[in-house]
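What follows is chain A paired twice: with chain B in the first complex and chain C in the second.
Moving on to the complex of A and B:
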């Protein structure tokens, strides 16, 4: 049974059109998945809907055997799904440590909270060095590390990461991707990733879902998906028959 | 002949060079598309043309005359029309009123006491008929669907008799049936001699409509070529997929 199963998912914003028209994906535990597709494909909306930030209009979301579609974000977090959004949403005027503690706000036991803190600091020595520093004074790469570290505080089963390299220099991007790779390899966390740099995102992933205009067009092994001729159609469009109307 | 020409246009925001020495041409009578991955600089390039943003360097000429750094309403008077989103305020006005408001350049005081002239409303009704939403003329604009709004935006830009129309995402969020009508109307307007420059993410729309495609990435123009060549150009695909 997949860890996350999304079936016939439909979602959109306000009274606007369906951004997700019909998305079905299965995510197996312990693997890293990359969602790719052109602008407006619905990639971020898919993650936001699974995270409970956007309410599904139709469809079923099952996580770890339980239905989570339509639950509040905090309930979904409690179920073990952590979402790291594009803008990172750190608490800018709090210290690194305070940000991490906030990430663990569901943990009632102080001892356990400290254990998680230690684990995150061990994984990211950079954060340990800067534990007293205010989040907003850190570099973009460090802030992304903090966002990932904060997500790790609740010991998630599934981490959904939206555009981790956004606004980062190439060298910093590589460091972030090393971290993402280690999430499943070393911690056994399942990862669902969106990345603007498609090639980079696929490099650290096992499997890819290809989204277009709110539906999943196809899927396949991350290392082979770019060889599919449909990729060119998707990113560069189909040539029109100019004889027609 | 080039109706619009950008030469080495550069615009930086702080340390980020949004448009970096971009040069391209929009041929008179063409539908030209401006495409590229997110952050390529398309919107900034657009804004330098309409006068919303003044370039740091480079030149923009329209119909052989320099328009670099002119104010938006001056650029509009020269014959470059751009669409405006229907804001909350405009949403309370009727569709017909929106059409007429669009002809009032930049000075809201001139709205005071203004009456709709019969020839204005007649022309507006004609254009609403042309895009197929004339039966909605007396409805508040906020009642329109997303696609109908796009059609209203297209009709209202025509009120100003532009020679060049800049469209920002005409297909965004529009359902397939209305999308077909929007594309059809754009082609029809173009046949009447009006030139288009279009930023659009829906590549099927781009490939169908455009005669020439300008591809931007990282603020620079990678190529300007036909849809057929763009489709086969590995540099373009790589720009969309990123580097390892």
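Moving on to the complex of A and C:
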């Protein structure tokens, strides 16, 4: 049984049109998945809907054997799905440490909270060095590290990460991808990733879903998907059609 | 030194203004709600306190203990009844201005219908007393009211700083999306915050009942003052509301002393214009995020 199963998912914002028209994906435990597709394909909306931030209009979301579609974000987080959004959304006027403590908001046991905090600091010595620094004064790469560290506070089973490389220098991007790779390799966390830098994203992934116009077009092993002729038509081809040079 | 006397009176007044404004700034900070009905509920609480004093002999300071929990519940109910239908709309804050403007009229109309439109004031014995300190006098009622305000504001601060729900409230004030992502139930936090905002209005009303004469329509004057001082402090900042309240109360006391009482209200609107020109985010406010 897959860890996360999405079936016939339909979602959109406010009274607007469906951004996700009909998406079905299966995510197996312990692997890393990359969602790729052109802008406006519905990649971010898919993650936000699974996280409970956008309410599904139709379809079924099952996680770890239980239905989680339509639950509140805090209930979904409690089930073990955490979400690292595109703009990282930290608490700007809280210190690194306070941000991490907020990441463990659902942990009521103080002892356990400190344990997790130490573990995250051990994983990211950079954050430990800067534990008293205000989040808003940190560099983009450090903020991304903090966002990842904050998500790890609750010991998630599935981590959904939306464009971790956005706005980062190539060298910093590589560091972030090393961290993402170690999530699944060292911690056994299942990862669902969106990445504009398709090559980079596929490098760290086992499997890829290709989304366009709110539906999944196809999927396949991450190592082979770039060679798929359909990618050229749908993704690279479309980019050219849309006026790219 | 008449100046010191003016300063004493200004600071005492500022303490009460700070309490009156605390709920208003909290609601804006947590939920982006501009509650124009805030002062109307202060007047409602003042009427409650007045009648408790007149008919049951309950001291207005004691009545806080009854009024705060009732207003807390009233706030939570109002929030759950009125706000879900406009939540998530793109112009949420503007919608709250319109809705609470209407709510203020409804509250005012109901008060006028049931309590009448004449001036009221509770008159516990300390309301007309004063403590003489050498050349200066400290009105006992204002001293008690400011002390009560200080205690309540400290209580609010401690709640925000040290409790788990308080953490959730502060996190929601800083970044609502991020709060949601780490598992803060922002709906619950918003409901509780609305209750707390209303409870603070309730406590302020109990104090107002013996400090100022009031009648149902008095709230328009107060909401204008409260808005100007939280804009000065930075909308959504509790610290800003306290500093703004003390500052403007003292300045208006001096204006009243030198130019005459009719000029005192000008202080608030003068400060409002000035701060919007010079530092629109207020003293402790965040710059609007793009």
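Throughout what follows, the second predicted complex is superposed on the first by the 235 of 245 C-alpha atoms of A that agree within 3 Å, B and C clash if a C-alpha of one lies under 4 Å from a C-alpha of the other, contacts with A are read in each partner's own complex, and residues count from 1 in each chain.
We take it that contacts are C-beta pairs under 8 Å (C-beta built on N, C-alpha and C of every residue); 3 or more make two chains touch, one makes a residue touch a chain.
The model shown is predicted, which means the values in this text are computed figures rather than measured ones.
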{"item": "Chain B versus chain C as contact partner of A:72, first or second or both or neither", "value": "second"}
{"item": "Contacts of A:39 with chain B and chain C, given as first, second, both or neither", "value": "first"}
{"item": "Partner chain in contact with A:198 - chain B first, chain C second, else both or neither", "value": "first"}
{"item": "Overlapping contact positions on chain A, where the chain C interface meets the chain B interface", "value": "none"}
{"item": "Residues of chain B that touch chain A when the two form their complex", "value": "37-39, 146, 172-173, 175, 184, 201-208, 227-228, 230-231, 236-237, 240-244"}
{"item": "Parts of chain A lying in touch with chain B, wherever the complex brings them together", "value": "16-17, 38-40, 170, 195-200, 203, 226, 231-232, 234-240, 245"}
{"item": "Residues on chain A engaged by chain C in the complex (per definition of touch)", "value": "14, 51, 53, 72-74, 77-78, 82-83, 85, 89-94, 101-106, 108, 150, 153-154"}
{"item": "Residue ranges of chain C in contact with chain A within the complex", "value": "88-90, 164, 167-168, 171, 174-175, 177-185, 187, 286"}
